[in-house]
Amino acid sequence: MSRNLILGTLLTALFLGAALLSFLWTPYPTDTVAITERLQPPSAAHWLGTDHFGRDMLSLIMVGARTSIAVALVAVGIGLGLGVPLGLAAAARSGGWLDEAIMRMNDLIFAFPSLVIAILITAILGPGALNAIIAIGIFNIPVFARLSRGAALSLWRREFILAARTAGKSAPRISAEHILPNIANLLIVQGTIQFSLGILAEAGLSYVGLGAQPPIPSWGRMLADAQTMVALAPHVAILPGLAIVLTVLGLNLLGDGLRDRLDPRLGVVRT
Amino acid sequence: MLAYALKRLVILALSLAVASLVIFVVVEVAPGDPASFMLGINARPDTIAALRAELGLDLPVHERYLAWVTGMVQGDFGTSYTYRAPVAQMVAERVQVSLPLALYALLLSTLIAFPAGIFAAARRGKPGDVAVMGATQLGVAVPNFWFAMLLVLLFALKLRWFSAGGFPGWDDPLQGLKALTLPAVALALPQAAILARVMRSALIDILHEDFIRTARAKGLSRRQALWRHGVRNALIPVLTIIGLQFSFLLAGAIIIEQVFFLPGLGRLIFQAITQRDLIVVESVVMLLVFAVIVVTFLTDLAYAAVDPRLRGRR
Amino acid sequence: MIPSLVSKYLGEREGQRPSHLSDRTQSDSKPLLEIDALSLAIHDKPILKNLTLTIAPGEIVALTGESGSGKSMTALAAMGLLPQGAEITGALRLDGTDLCALSERRLCALRGREIGMIFQEPMTALNPVQRIGAQVAETILVHKAMPRGVANARAAEMLARVGLPPERVPPTRYPHELSGGQRQRVVIAMAIALRPKLLIADEPTTALDVTTQAQILDLLRDLVREEGMGLMMITHDLAVVSEMADRIAVMKSGEIVEQGETRRLFAEMRHPYTRQLFEASRHRADLPEPRPDGPLLRVAEVTRHYPGPRDGLFRPGQPHIAVNGVSLEVARGERVGLVGESGCGKSTLARAILGLEPVQAGEITLGGAPVYRHGKPDRAVRRRVQVVFQDPYGSFNPRHRVGRLIAEPFHLLDDPPRGPARDAAIAQALSDVGLKPEHAGQHIHAFSGGQRQRIAIARALIIRPELVIFDEAVSALDVRVRAQILDLIADLSRQYGLTYLFISHDLSVVRGITDRVLVMRGGEIVEAGETETVFDNPAHWYTKSLLAAAPSLPRPPGGGPEDDPEPDA
């Protein structure tokens, strides 16, 4: 195992574990306010200090991990679930109208950055974690569609696909039986990277108030709340950000490590 | 080349048409009656009726869409309901902050990423490469708005080199630029990290190409081959990323404006959302999408400039 | 004015060069390149062992052998372009200077100026975003041999010298606007722009069609003779070697097993490996007598074209016609060859017969039933034809085991065998092609190229198709493995009375494995007839030019039997 893979797995496991653990137990409750304990620096009682309501930062970060991971995971699921079939269909009908339509739709979605989609949805439906999921998820669709189309196209030209065609197999069957297993590694690696990008995007959306709403704790909101208190208590601004950095770093290292392990020549895109 | 550019231009026009239709449908058709939405549940029927008349909601949907589009083409973005001012004028003021910020950041990002990426590729596997790659790995993971807060903490609050926020306007261009520097750095560094990685891996891929070996056989040193034959070929994938990054930077600029209290499009749009001013939201979103589509078009042209294989095509 | 300037610079070295070199310089004169007990290991894996070889000025020395024999590594060693982790012992002297002892900077000064190199793959050897003239001029400029203006004029002159005159192929062209042969000429122009003393050509014609190959070989020969360069020519093709080289070194697993003057080496062939290569190269399989038994495949007036690149914005361009009104028939039990150069439409035709490409006009029938019914391939007809492709590495899904791979055509049967019957069929198919039933459980990466082609044949035959299409099925194989696969095809013909269409660009292979041959050019069949008749008395000019361009082996020593027993693996 490479260093990337080990460190990446450890960091990812740490935050996944923290998120799962928070369902059962947190050091302190996150929904009670203790004004007397507000903005305390890290101490033995509160390892990571307290926020402006006197809530325990460690507990908040644990619960916040839940939100980030849930949003990003579902968004990746949307991208994989819709993007991959679209990409495979486009590749199977390469050059045809379906391919053209799918690719043009992709280009169109690329013209709407997730923030813009989130703004549009929020303007109509009001803010919420669901908006963030939809906005990030929609943006993931063309990412996976393009990736799987490109990889599938190069496979369609390979002779083993021609052999399957001479065995009379249909395009959907070939896509499922021959193409998908051969691009699975690529999708896993790209999925890891989209996961980490999703966490960053969720944090940004929550920060500007378009994502998860109180009382649901989220890292982006914690940073928004901390902004006016940066000078007073830097730890409330630094720690949630550090949580984001470490999670994203962990996922990226995991992605790189997986790529090197599975196939160093995978054409993963990172934007 | 001309045929290629024309084809891209047609695609640009079509994208704009479809994008405007999507935005129009989402904002003006999906929520039901925009007037009652904007006024909230407690509005009196006669106020709603008045607003409907003002917004021209009595007209059929397709006429409203055409009116909106033709208005935009002529520079008329409608009138903001809350500010009672022409949206075009409000947007024009805000663009003066947001667009320079995005471009400033793009410039910084490119200026940092190119040398870093080339440096790392030229020293693949050596300590210099490992250091640059480690730094970019970290840079990719940092949310720009959080990085902005750290910059404020260090350079504005502790060192007092920059102000913590606000924008003095362009009367004194240097002061304006200075006010945009911390936000631009915050935006640029994470993007630069991504771009440097793309540059490096594109170069490393190209260094394995046969024509690099041909160049070496001609007597070029490793470094000469990298610069003369590697970099221009690496630009092809790098340009794609730069094009994509512009839309990220524009969106990122909207978020960063929140950190630095900059009077840009971001502030405008978030105020408009809280005040349910759909006219402003619609216009600003259209403007952002317009910018992204135009940049995609420019990226396509840049491709053709770099890659002769595209010029003859279509 | 410019020509005079050029000639001034051209004259630079004139004094050092023998002006006329029709008198062959042999090894008795002072060698240009001297490889002295050269050994090479990459990451401790031995690649070359104790190589000793010399090349004199004006001499063509060929390095030959199968893939993995170390030929290309020898070339890269002479260029000082070995991959990282390479450790070298012995000496490589150019004009007395040991290249192994030179610094990278000195080597850079030497490459391009004293040693030029030509590579195998012309399609990727040029920088796609730079004009060809600039790429040739770069050789001159990087060595600061001439001012820019003169260098450009010299580049144009060199391009003209290699057969790309400015009025037909201006130096302002980009590589993608040139054909493969033209690109290889550009590469040659780059290599000889500064008239190096030594030219190294690594499989320079392997990627080219046979007529282009002949032209490039002529060009190289002329250059060597006129400029007095030494040429190290690396090729796996013994026929090319026999026609080009003054001397030959035969390599096997990093060693030179035999070397000597060309004619003498072919006459003596002291090392058994040389003999095996030679015999495999001219191998003809022992086909059973053909017993044609009624028509099977009928292709009538078939046309297949592709939409060309669009001219204007919406105007469709000229369609590219891949197959143009082709008609042919194959009788049951017949073995028919289809030869032609790349792009002649032979693979498109094969795919149309297989039901992979719809045709725009004409009809394809198998045993009277049309392959396409309402534009869709008919399953019942499809199961009567199977295929073996060229690439032993790309023809199999790497994630499946051999058993599953070769059973894939069962999909075409209405009632495919299941359970033990299926396993038995797989075992039978594997033993038919000389493999063991146990191999069914292994993944494809465990097999060599030749074994993979056997597996491909097993896959094609498992449903006992009436017609098999071999699409360049032996083109990617080394000669000795190729001979074995051809023998296998002959054995299977004997056993099952195969009917096949054997598609190849290689005339000598087709000659040994077919009863009848079709020659294809530009989407049309220009000549058809009994294989021996067509090869001995070609009627069409194109067939004649193909046969004339194909390099041939010398007669075997002592006349030798026509077909020798299969060489060992």
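Observations on the model:
Note that the chains are named A, B and C in the order they appear, and that numbering of residues resets to 1 at the start of each chain.
Following the convention adopted for this analysis, a contact is a pair of C-beta atoms (placed from the backbone, for glycine too) under 8 Å apart; a residue touches a chain by one contact, two chains touch by 3 or more.
Computed from a predicted structure; not experimentally measured.
Chain-to-chain contact here is organised exhaustively, every possible pair of chains being in touch.
If you tally contacting C-beta pairs for each pair of chains, A-B comes out on top.
If you average the Cα atoms of chain A and of chain C, the two centres end up 48 Å apart.
Chain A and chain B have CA centres that are 21 Å apart. Partner chain B is touched in their complex by these residues of chain C: 79, 81, 104-105, 108-113, 116-117, 119, 121, 124-130, 138-139, 142-143, 174, 176-177, 187, 190-191, 309-310, 312-313. Touching chain A in their complex are the following residues of chain C: 351, 354-356, 377, 379, 382-383, 385-387, 389-391, 394-399, 408-412, 456, 459. Of all the residues in chain B, the ones that touch chain C in their complex are 3, 6-7, 10, 209-211, 213-222, 224, 228-229, 232-233, 306-309, 312-314. Here chain A touches chain B in the complex through residues 107-108, 110-116, 119-120, 122-124, 196, 200, 203-204, 207-209, 223, 226-227, 230-231, 234, 237-238, 240-241, 244-246, 248-249, 252-253, 270-271, going by the rule given at the top. Against chain C, the residues of chain A that register as touching in their complex are 158-160, 162-169, 178, 181-182.
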